[in-house]
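See the structures that follow.
One chain, chain A, links the two complexes that follow: it is found with chain B in the first and with chain C in the second.
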Partner chain A sequence: MQYHKPKNISEVTELLDTFNGSAQIIAGGTDMLVETRYHQQNLKEHWIDISEIDELKQIHVIDGQISIGPAATHSDITGNDVIKQHAPLLAEACRVIGSLQIRNRGTIGGNVCNASPCADSIPALIVLDAQLVIDSAEGEQVKPISEFFIKPYKTILTPGSWLKNIRIHKMDTEDKFAFLKLGRRNALAISRMNFAVVMKISNHIIDSVRLAPGSVYPIWRRVTEAEEFLQGKKASETMFKEAGKIVADSMIKTSGRRWSTPYKEPAVANLTERVLCKAVKFDC
Partner chain B sequence: MSPKDISRRKFIKNLGGGVVGAGVAIQTLSAKTRKESKPPSKSDSAVALTFTVNKKPITLLVEPESTLADVLRNDLKLTGTKVVCNHGECGACTVLLDGRAVYSCHMLALDAQGKSVTTIEGLMDGEKLHPVQEAFVEHDGLQCGFCTPGQVMAAEAILIKNPKPGKEEIIEGMSGNLCRCAAYPNILKSAVAAAEKLNKS
Partner chain C sequence: MAESKYVKSKIFFEEEFEEKLAEVPTDPKGPWPANDNLKIIGKPVSRIDGYDKVSGTAVYTFDINLPRMAQARILRSAVPHAKIKKIDTGKAESLPGVLGILSSNNAQEIKWFNTSSLFDTHLRYQGDEIACVVAESEAIALKALKLIKIEFDELPFTVDAKEAMGEKAPKIYDEGNIQGGKPFEYARGDVDKAFQEADAIVEDTFDTQVAIHNPTEVHCSVVNWDGDDLTVWDSTQAIYGVRDTVADALKMPASKVRIIKKYMGGGFGSKLECGKYTVMAALLARKIGRPVRIVVDRKEMNLAVGNRPNSVQKLKLAASKDGTLTAISHYSYGAIGGYEGGAGCSWPARQMYKCDNVKVEEYSVFTNTGPTRPFRAPGYPQGIFALDSAIDMLAEKIRMNPLEFRMKNNAEKHPMWNAPFTSKLLKEAYEQGAKAIGWDKRNNQPGADKGPVKKGMGMASQIWWGGGGPPSHAVLKLNRDGSARVIAGTQDLGTGTYTFMAQIVHEVLDIPMDKIEVILGDTAVGPYCPSSGGSTTAPSVSPAVRDAAENMKIKLLEAAAAQLESEKKNLVYVNGLISDTSNPEKKIDIPGLMGKMGEQTITTTGSREANPEGYITQTFGAQFAKVEVDTLTGKIKVNKIVAAHDIGRVLNRKTLDNQFHGGIMQGLSYALMEEQIVDINTGKVVNTNLHDYKIPIIADIPEIEVIIVSEADPMNSNTGVKGCGEPAIIPTAAAIANAVYNAIGVRIKSLPMTPDKVLMALNQA
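Here is the complex of A and B:
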C-alpha cells in the first residue's frame, strides 16, 4: 500500500487521475481500517489522505447555504456554531454516531461515501436536501444526495471522482425536527434503524413534513407516502401512529416480506411515531 | 492477618510489588535480546513518521498500513496502551491526539504526522501519578485493570475539553470505553472525583 497526503484540492484530483482506478480516498479512516482487517480484497493500492487539507474541513455559510467540507469530523459538526444554529438536525444525527473517539476521527464525507446502510448522517442530509459537489479531472458537478446512492456501499462516484463539498439549506428557526436511532445498546452501537424528520407546523396543522429513515429501504429515500398523508393534518399522536403504519407498509411493499419483517414492521412503525412525537415534544 | 483483613486493594498492592520486580527482570532480558537481534527490517514502502509522543520528538520508519497502536506498542514499546478488539469498538487503546481522545488501533500511524500523542505513560510526572490516575486508585475504578489505561485517557480528554464536566457529559464522553468487568459505577465515580481533584488543585 502507498500512502499519499496531498496538500490541496487540486492535488487530490490530480492524484486520483494519475492512479486511474487504483487509488482511494481516506479521511478519518474509521470505516477503512475495519476493511484492512476483514476485507483486504476491497482495498486499492494507493491511499490518498485528505484529512489534513484545511479547506476540506471548513464549515461556513456561502450564498445563504451551509457549505460543509467532507473531511469535517462528526465532532467538528456537532460543535460548530453554524450547524448548531442553522442545521441542528444534522448536529443531532452526528452526535449519536459511535463514541467520542469515533466522532473525533470519522468524517461526514466518509459517512456519505462509504454508504453503509447504518450511516447516521445520511437520513438527516436527505431531509435537508443536501447537494453534493463532485470533482474529477473532467470538472465539477453538483448532484442532489437523492441521486448519489446506487445500493448499499455503492455510490455514483467513479474511480477518478471524489466528494469535494456538501451543501445544505439553512433550516428555519421554527422548524420542528428530530433524529432517532435504534441500536442494540445506547452507547457505541451501530444503528439498526434510524429516522430523521423536519416539519413546519402552524396552529397545530402540519404545513409540510420531510421524513427519511435509514436501513428501511434498499437505498435512502424520503417516505413521500407518509409525508402526503400528514400534510394538512393536525399534529397528534393518532396521526403519527397512522403515519408509522404507512411507513411500515411502504417498507414491505418495497422490500417484500423477509425473515426480519416480524421485527422490523412494528419497529419501524414505532420509530416513526416516536420521531414525530419527539419533533413536536409530545410524550409518546 | 486473618483472611478477613485482606482487602482487595491490599492484595493488589502486595501483588504489585511482585509485578514491578518481574517487570525489571523482563526489561533487562529484553534489552539483551534486542542488542543481539537485528533491527526489524522495513519494506521499501516504509515512510518516515515524525511526531511527538509524551512530549518527546520522535522520528521513525513505519509501514503505511501500521496503526498508531502498532507503532506505540511494537516500535516504541509503550505497552501501556492496550489493544483488545483492534477495530475501534472497545476503547482500551484510547490515547490523546492533539488533546482529543482517539482509538489508536483505529487510525493510521501516518495520520499522526506532525501531531502530538499522549499515552498513559505520558500522564505520570516522574513517579507521581496523574490526578486522574490517583482518582481511579482511590475510588477503585477498576477490577481486572485491562481497560483502565483507556478509561483514564478518555476521562483525561473530557477534562482537557471541559475542566468542569457534568455527570452526563462524563457518561457520554466515556461511553466509548467498554469494561468487561462492568466496573462502571466506580469508573464513573473516579472520573467525577478526578474532575473535583483537578478543580481544587
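Here is the complex of A and C:
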C-alpha cells in the first residue's frame, strides 16, 4: 500500500489519472482504517489523502446554494455558521455521528462515499435534495444524491472518479425539520435506524413533506408513499401515526420480512411518528 | 516484639470455604476508631500511581520490551469441535523471521485442565489452542500462523446447554456433558410442604447471557530465562498462583520462577489463573534462548480467556400472607464450555434471605463454547437477577411493598449455618438507599405513567463474601532519611492497592505520603499474600500493613526508651517525633534515633489476624434504580442508581467510589447491552470485538450515588475492612429489571434487556 498526500485538487486528479483505477481517496480514514483489519481485499494499492486540502474543506454559499467540500469533517459542519443558519437539519444529523473524535476525523464526503446503510448524514442530504459534483478525467458531472447509490457500500463512482463537492439548497427559515437516531448506546453507536424530515406547513396544513429513513431500505430513498399521504392534511398525531404505518408497510414491501422485522416494524412506525412530531414540536 | 502463632483459619474464596494454616500475630492491634477520628484513612486520596498512569509513563506488562525480545502468537481452532489428524508446520518454519513453532507435534506432554494437555489434539471450542509460533516480529508470527496446515476431522458439536444435556447431543467427554455426572444439590427444610401450605406462589423462568470480562489491558506475558531461572512479567491477579502453575508445568522448583506485575489494566477474574500462553512463551523462550513476549489479542480474549457463563433459572417462591418468605426452589443450568468450570448461580437463593425451606439443583454443562472463568462475583449478578425479580413478583402478589418484603425477610443469622455475622447492616442499607432514591415516590401501579416514555423505580439486594483472611503478610522498611517502603506479595489490579497501603503507613507513623514507596507484584521480593479475587485484597492485606506499621512504632519506642533512658510508658510518638511526657527535654526523631542505632534501615513484618471462630463475614447492600422506558422503541434509559452497602471500613473514599462506579457501569452493561452471540449453525462467535460486543460509554452512565452504611467491621480485622469490588456489580441488573417492570408493567425475564425484547414483551402484553 502506498500513501499519497496531494496539496491541491489538481494533484488529486493527477494522482488518480496516474494510478488509473488502482487508487482510492482517503479522507478521515475512520472507515478505511477499520477495513484494513477486516476486508483488505476491498482496499486499493494507492491511497490519496485529501483530508488536509483546504479547498476541499470549505463550506460557503455560491449562487444561493450551500457548497460543502467533501473533506469537511462532521465537526466542521456542526460548527459552521452557514450550515447552522441555512441547513440546521444537516448539523443535527452530523452532531450524532460516532464520538467527538470520530466527528473530528470523519468527513461528510467519506460518509456519503462509504455508503454504509446506517450513515447518519445521508438521510439529511436526501431530504435536502443534495447535488453531488463528481469529477473524473472526462470532466465534471452533477448528480442528485438519489441517483448516487447502487446498493449498500456501492455507489456509482467508477475507478478514477471522485466526489469533489456537495451542494444543497438553503432551507427556509419557516421549514419544520427534525433528525432522529436510534442506536444501541448514547454515543459511538451505529444507527439501527435514523430519520430525517423537512416539512412546509401553513395554517396547520402540510404543504409539502420530505421524509427519508436510514437502515430501513436497501438503499436510501424518500418515502413518497407517506409524503403523498401527508400532503394537504392537517398536521396531527393521528396523521403522523398513519404515516408511520405507511413507512413500516413500505419497508416490508421493499425489504421483505427478516429476522429483525418483528422489532423494526413497530419501531419504524413509532419513530416515523416521533420524528414528524418532533419537527412540529408535538409531544410524542 | 510480637511473636507469631499458627492457626487454622477459614476463608471463603470465590465459590468455597478454604481452611488454611496461617501465621498470625499474637498481639492483635485492636480496632481503629471511626474514620472521622483518623487522619487519612477514609479520605478521598488521589492514587499515588496516578501521575504514572495519566502521563503514560506507567509500564504495563504489555509495554515490557527486553533486548532481543521475540514475539509469539497462538494458532487457535477455527471450528467448535474437531480432532486433529496432522499439523504441517513446514511452510511456516521456512518463513524468514520465524524462530520456532510448538504444537502437539513437538511439545512435551504438559497436563492442563483435568484430562487435557497444553496442546490437545481434541479441539473442544472455537479458540482452543493448536500451535504457538515465535518470530522476530508479531507481524511475522501472525503470517506464519496462516501458513500452518491443519488436517482435522470436524466432529458434531453442541453449543447450547439444554441441548448438550440431552441424550442425542454429541459427547464432549466420554462420561457425558454434565460436569461431575450429576447436578449440585442443596436442601434445607421441607420445600414441598411449604409450597402446599403457601398463601402465594410465583413460578417463572429467567435467563441470562454469556458476558466477557474484556479488561482494558489484554492478556499478555513476557518471559526471560537466565540460566535455570525464569522471570515472567504477567498481567495477572495472582502472582503466586501463576508462579506455581508455571513451575508445575515446567517441572521446576517454584523458587526458580519469579513473577512480576506492576501496573495492570484490569482483570475482573479473567486473569485469576495462569494462562496456557504464559507456559508456551516460557517453552519457546528456552528453545530459542531469547526473551519472548506473547499477546492474546482482543479477538482471542473474546473467545478463549473466560466468560461469565449463561444461565437458565427456574425459580419457584412461596410466601404467607403476612409477608414471610416460606420456600425457594431454584433449578438452573448453564454452559461451561469445553473444559471444567462452573455455571452455578444458586448462592443468592441459598443465603440472601431468611427462608426455612430451600431446594437447589444446578447443572454445569460442557458445550463446544469458550471456557468460563470467575467474573466479578461469579454466579451472583445472574442469581440475584432471577431471585430478586421473583421476590418482587411475590411481593406484588401479596400486595406488599417489595422493600418492606425484603426488610421482613432479612436474615439475622446466616440462613445456611445458623451462624452469627461479624457485622450486618443490610437493613440500614435498605433504609438509607430507599431514602436517597425517594422510594416513597415510586409508582404504586406499574406502568401507570401517561405518554410513551414511562418512568419506574426498582431495587435489589446484594450479598457476597469479601472478609478476606490470613495468610497475608507485609514488610515495612524505614530508612534513616525518614522515608519508608512497604512491600507485599499482593498485586494492584487498578483497584488502588498501592494507595491504601501508603495511607495505612501514613496513618500509623505520620510519614508523609510522598515519602512512602509501595512495592507490590513481585514473588522474589514480597512476602506471601493471596491472589486478588473474591474482593479479598484490601481485607486480607490492609491489616497486615497496619500490623507492620504498629510493630514499627513499638520498635521505635523501645529503641527511644533505651536511647533517652526513659520509661517506655512515658514515651509518645507524634508526627515522627518521640518524646518523654515526664521530661520535655527528652525527645528524638527517626533520623536521629536511627543514627544512634547505626542502622540505615529498620525492618518489621506484619500479618493478617485469623478470622473469628464461629462467625461469618459477608458484605451486604441494596441498589435502587430509576429508569425510563421508551415504549415506542423499547429503549431503556437508566437515570439514577443509588448504591447503599455495608462493606466495613472505607479506606479511601475516592478509590471506593471508583470501584462502585465501575461495578455499576459493568452491571448496567450486563443488564442492557453485553452479550456474546454464538451462531448455533456454525458454533462460532459472531461478535469478537468491542465494536460488535457492546459495552456502554460514558454517555450511557447515569447519576450514581454511593452510600456506605458501615463504619467498620472490627471483629473481622484490625482495619475492619470488607471488600467492595464485587458487591458493586451484584444487584445492578436486578434493580434495573425491577425498575423496568415498575415503569411499564411488563416483566423482562431475559438479560440483556435489549430494545427488541422490551418492545416484543410490550406487544405481547
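Heads up, the rule we're going with is that the second predicted complex is superposed on the first by the 284 of 284 C-alpha atoms of A that agree within 3 Å, B and C clash if a C-alpha of one lies under 4 Å from a C-alpha of the other, contacts with A are read in each partner's own complex, and residues count from 1 in each chain.
Rule of thumb we're sticking to: contacts are C-beta pairs under 8 Å (C-beta built on N, C-alpha and C of every residue); 3 or more make two chains touch, one makes a residue touch a chain.
Please read all numbers here as calculations on a predicted model, not as lab measurements.
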Partner chain(s) touched by A:Ser75 [first = chain B, second = chain C, both, neither]: first
Partner chain(s) touched by A:Leu271 [first = chain B, second = chain C, both, neither]: second
Partner chain in contact with A:Ala187 - chain B first, chain C second, else both or neither: both
First (chain B), second (chain C), both or neither touched by A:Met1: first
Which partner, chain B or chain C, touches more chain A residues: B
Contacts of A:Gln101 with chain B and chain C, given as first, second, both or neither: first
Touching partner for A:Thr30 - first (chain B), second (chain C), both, neither: first
First, second, both or neither for A:Ser51, with chain B first and chain C second: first
Intersection of the chain A residues that touch chain B with those that touch chain C: 34, 99, 186-188
Contact footprint of chain B on chain A as seen in their complex: 1-3, 5, 26, 28-30, 33-34, 36-37, 47, 49, 51-52, 75, 98-102, 104-105, 186-188
Complex interface listing, chain C residues touching chain A: 451-452, 632-635, 673, 691, 694, 696-697, 699-700, 754-756, 759-760, 763
List of chain A residues in touch with chain C within their complex: 34, 99, 182, 184-188, 192, 262-263, 266-267, 270-271, 273-274, 283-284
Chain A partner contacts - residues on chain B that touch it in the complex: 45, 47, 64-65, 67, 86-89, 91, 94, 97, 100-103, 105-108, 110-111, 113, 154, 157-158, 172-178
